[in-house]
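So that you can tell them apart, the chains are marked A, B, C and D in the order they are listed, and the count of residues begins at 1 in each.
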Amino acid sequence: MKKILIAALVILAAALPVFAGGGSEAQSDTIKIAVAVPMTGDNAEYGQTFLIAAQIMTEEWNAAGGVLGKQVEIVNYDDKNSAEEAASIAQKIVSDPGIIGVLGHFSSGVSMTAAPTYEENKVIEISNCASHPDYSKMGKYIFRNNTAITEEFKVMVDIIENDLKLTKVGVVAIKTDWGNTAGGLADKLVLASSKLQLVAHEDVLETSDDHGPAIAKLKAAGAEAVICVGMYSLYGPFAKQYKEVDPNVQLIGVSNAYTQQIIQLGGQAVEGLFAPVSFYAESSDPATKKFVDEFKKRWGAEPSSLAAQAYDSIGILLQAIKNTGSLDREKVRDAVQNINYKGITGQTTFDAIGDAAKQFTKVIIRGGKFVPYTK
Amino acid sequence: MALLEINNVSLSFGGLKAVDDVSLYVNKGEIVSLIGPNGAGKTTMFNILTGIYKIDHGGILFDGYPIQNKIPQDIVKAGISRTFQNIRLFRNIRVIENVLVGCHITIKYNFFDALFRTPKYRRAERQNMVRAVRLLYDVGLSHRVHDYASNLPYGEQRKLEIARALATGAKLILLDEPAAGMNPQESAELLRFILGLRGRGYTILMIEHDMSVVMNISDRIYVLDYGKLISQGLPQEVANDPKVIEAYLGGIQNVEN
Amino acid sequence: MADFVQQILNGFALGLAYALVAVGYSLVFGILRLINFSHGSVYAFGAHAAFFMVGLHFGPVPAIIAAMLITGVLGVVIDRTALAPLRKKKSVSIAALVTTLGISSIIQNMLVVIFGSQRKPFPDFFNFGTLELGGVRLGSRQLVMVTVSLALLLLLLMVVNKTKVGLAMRATAQNQKAAALMGINVNNIITLTFLMGGASAAIAGGMVGGYYQIVYPSMGFMIGLKAFAASVLGGIGSLPGALVGGLLVGVIESLAALFFGSNYRDATAFIILIAVLIFRPAGLFGKKEVVKV
Amino acid sequence: MEKNTEEPLKTAGGLYRVELFFSKRRMILIPAAFILFLAVPLMGFNQYILRIFTVIGIYIILSLALNLVAGYTGQLSMGNAAFYAIGAYTATLLLLRGGVNYWLTIPLAAVLAGFCGLLLGLPTFRLRGSYLTIVTLGFGEIVRMILMNWDSVTNGTLGIRNIPAPDFFGITLSLRNGGFYYLVLFLVVLVSAASWFIVNSKIGRAFVSIREDEIAAQMMGIRTTKYKALAFVLSAFFSGLAGAFYAPMVGYIDSNSFTFEVSSQIISMAILGGLGTMRGMFFGAAVLIVFPEVSRFLMDYRFVIYGVILVLMMRFRPQGLLGWQPRVPVRFSKTVRSDLMREGILPEGE
């Protein structure tokens, strides 16, 4: 029994630094925005680029005098793309009354885990990546500055139907919560098309780089075009292994395929891969150019469309605060809801449930580069 | 009727006959010694008796019931307990706890009695705690009750092993070289203690190299060599058996070669 | 049918990768009776070392040889700094096991710190073309993998069975005390074992890296677990066992993925493992140990 | 026989005095600590801190559960996350699909987890040491794969969301109102007490004897297979209990919450605190839950340091930070003392 007691005291001692950290919540002259994304772990590169994008946007505002006369401060949290971590971080964020909004989280599942906490405490959550259809339905304060995955698939179906004029479609999806939902939606849209035929759907594990069995089955089913539902890590190995079996297969990626990494990892094999994107880094738009140049300086490579959406998300949040003229959480939320924001990912408005509407550009990899698709 | 009766027991390990057609018996209240050169199969015999090894041929009767090839736990329950040549105490728990583990099968309560601390639990724990202290007192370890087994000097560890073996409530105690590593004074004391055990109704079968111990307290002696029984009888008879002398001297010669 | 044969071939290549990693577990377990949980990370380290060397414009063979050396040294460093002191203190086996878990975490996360956690392209060293026979393809990558793995395993077998050092290793595996009494420097033998384990991990890392043309810090986790399962399956401590275990796991896994979908493929190794252990606790090639009392 | 006058136990040293202090005043200190912990939600901590306290509670239960198997019985299980998962999923499914009352789901989930512990155990207990360890590891992975793929029951990789928080006499438990904190506190007290009662009985002594020397334990008549199975069942039961609590607290579960990393974290906690001690589990869980929270700034180095701590611990303090052997004498109850006195065999120093 006494042992329990010793331990109890030690717990208290060990927990002291937390109390000290948690206790100081002095009012400051800054407006805080949390960026809660994976900074370590397998998806760290995504999170790190989002943070850079967010910082660039905040610095632009701060250089112009901030919002409501206050400087904007980014508070970075590492959720490791883990639901459990995110749940803890969400608690931490809502415990800080200075934080008005959150950019995050990375995957839909993680974002949806944290969402109820934000909703309950009136903290605006804008995710630049979550694509699960149910995400934005989780509350009034929950917004998505990313297209719902359905919209992307519509474009992909259009590519197969009209640009490629192929009929037999296979779907490969990674076995994660996102991959499952998105893969299922891809199936649905292909089935809904009168011209297309869904010949096979294969799930692959993220923990394995060997996609042989899945490819064998897709090929056996006679797939001419394969919709790839995965993170950047899927495309390279999958394309390489597939092209060895069937050099003529046509691969179509989702918008997150738009990243330089897949060209590095896929090399020749990803030549001719299609992807629908809402942002194109080599666009001639001056705002885009400015961001891309600054981003390249800090990161060393071009921003992905998700990073661009992170950049715009912060812009939307700050613009909404400015439009409101106060930090009243309910009013800021309403301002986000009613915003009409011109950013580098196009003109953004939110519908009633908090989904952004976006325009897509089709890009294709040619000569080791993403280029806009033209016939 | 003999308390323990071993009939034509054989055991081989991949072609090597470790125990070859051995028969022996131990009467109730006897002190019987099993001697022989190193590698003669004495400890193997103990391992067979306690169910660690399964035999190939033969039979073992304890108290009239066959016990060959039973699992160790059933053999302890039947009433045979042992000590080990290379002491095997529960080193990181206290001396008293070692003996209480020995009391395991005499403590009659189940899991839920323990979980809810029923009167049955309290009664059994109390009785066995007293019993354990009594056993330690008997072997001369009452000053070590609270200590950890690993802190005990060698001689006391041997005593603790005996106390633990007695705690099981066994009738037949197998002692594997109880005097090993003891000085003459300690062995003399051990000798008195073993005689005392017999006085309290225990039967003892022991393996021992210390001839002063063997000759002084054994009622009868069996001699094993290369897994075979080469001699048996009263201490004096065995000591004068040329085969025994041969086996021991041969052993010495082998070492010297 | 062609698919079936193709998957057996794929599984064979995959299985050789498991076998290469499994060898490292077997070597160390054979001598120390220790599950070296850091081996998966050492393998990832080996792959990154090769990747790094390639970045310095080494050719494929020099890069892998350099990686072998570096990774072998890493193995030795692990043993000398973390495990040898435990042996000296005669610590319980759980302590060594936990130490290897800790080392695994250190190596994997240092790789993240240095190289980043993302997947990096590994050059396509071994692609000289593809043979096609009746719808079944045999790529040069597979051929290289098979050749190198078998050569390495043969070499290791030769070392263990035909050389004086190998004799000393086997003696140490049997009984450390007796080996020491016979004048064998047990510590040196253990060091050598870790050197060989590390070097074989680097070869495995280089081969698998070249096969999939990808390296990343967490690449060793799943393959490490599966390779360990493979080595237990074959009979841990036995080199032929590691090969057979690895091949079995690789082929069965590929076939399972073909027939039942990829969903359970990571579980395949463990299901086979548990099934085998229930019926043959010492694995397919392991010897039953006699209890000494 | 003889009379030995040398000091039986080293009784000098600060640690001994600390132990003695706690030992003598336990009747005051334990209730005091309990009241202190009861008062935690009233101390004005924010939700985040309360969550940390609650998570520590969960991991204390998980560590205590592992401790029964690994600490006392000496069988390292690397698959305890599986039992945690089984508890969480069972409770959730019973609640959502079976319509079972929340307060019933907790024991039912724990029982099913315990049953799975037995299922794992029966065929595998003749395996020793490393082999048993690898089987538990494999079991953990298999369970995770099943959770990930058995879509119709577990909802696959999507996991199960919107698990409602339980009501307690009309009050919905939440982190904010301290409800979950009190519930976990209650469970921690329950599991600690059960663990304490089991360990300090012939059952606990049988566990320890298996850890210390399995053969010698068999020679004491201990059915080692049965007790190993019991240790696994208890460990699984308590882990399942923790899982059943966890699910409604976070409101969602998926297979990623129960990976090998969870098992290995529980092991690290138990080892940091000291396997085979209960105090160590409290300490280990608290430190390893708080450490990542206060060390976020270290980023990727966090897990490097985590590894370094494990390695250094094993090298310099393998018994754990709080893993010393108590030196205060065994406490004899009054009745035992009077019995001993009557028989004239009361050991010295009593």
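Assume a contact is a pair of C-beta atoms (placed from the backbone, for glycine too) under 8 Å apart; a residue touches a chain by one contact, two chains touch by 3 or more.
Because the structure is predicted, anything quoted here is derived from the model rather than measured.
Comparing per-chain C-alpha centres with the mean over every protein C-alpha atom, the closest match is chain D.
The chain with its CA mean position farthest from that of chain C is B. Between chain B and chain C the centroid-to-centroid distance comes to 47 Å (mean Cα coordinates, whole Å). Chain centres here are Cα means. That of chain A falls 38 Å from that of chain D.
For the pair chain C and chain D, the distance between C-alpha centroids works out to 34 Å.
Our note on geometry: chain A versus chain C, Cα centroid distance of 37 Å, whole angstroms. Within chain C, the positions touching two or more other chains are listed as 112, 117, 263, 266, 291, 293. Residue positions 40, 44, 175 of chain A each touch two or more of the other chains. Looking at chain D, residues 148, 215, 300, 302 sit in touch with two or more other chains.
Residue ranges of chain D in contact with chain C, taken from their complex: 70, 74, 76, 123-124, 126-127, 129-131, 133-135, 137-139, 141-142, 145-146, 148-149, 215, 260, 264, 267-268, 271, 275, 300-304, 306-311, 313-315, 318. Listed in rising order, the residues of chain D touching chain A in the complex are 18-19, 22-23, 26, 29-30, 33, 36-37, 45-49, 51-53, 55-56, 148, 156-159, 161, 175, 192, 196, 250-252, 254, 256-257, 273, 277-283, 286-287, 290, 293-294, 296, 299-300, 302, 322. Per the touch definition, chain A reaches chain D in the complex via residues 1-12, 14-15, 17-19, 21-22, 39-40, 44, 77-78, 82-84, 87-88, 91-92, 94-95, 109, 112-113, 116, 175-177, 179-181. Considering their complex, residues 1-4, 6, 8-9, 194, 197-198, 201-203, 205-206, 208-209, 212-213, 215-223, 230, 276, 325, 329-330, 332-333, 335-336, 339-340, 343, 345-349 of chain D touch chain B.
If you check the complex, the residues on chain A that touch chain C are 40-45, 175, 202-205, 207-210, 212-214, 216-217, 220, 232-233, 236-237, 240, 244-245, 261, 264-265, 267.
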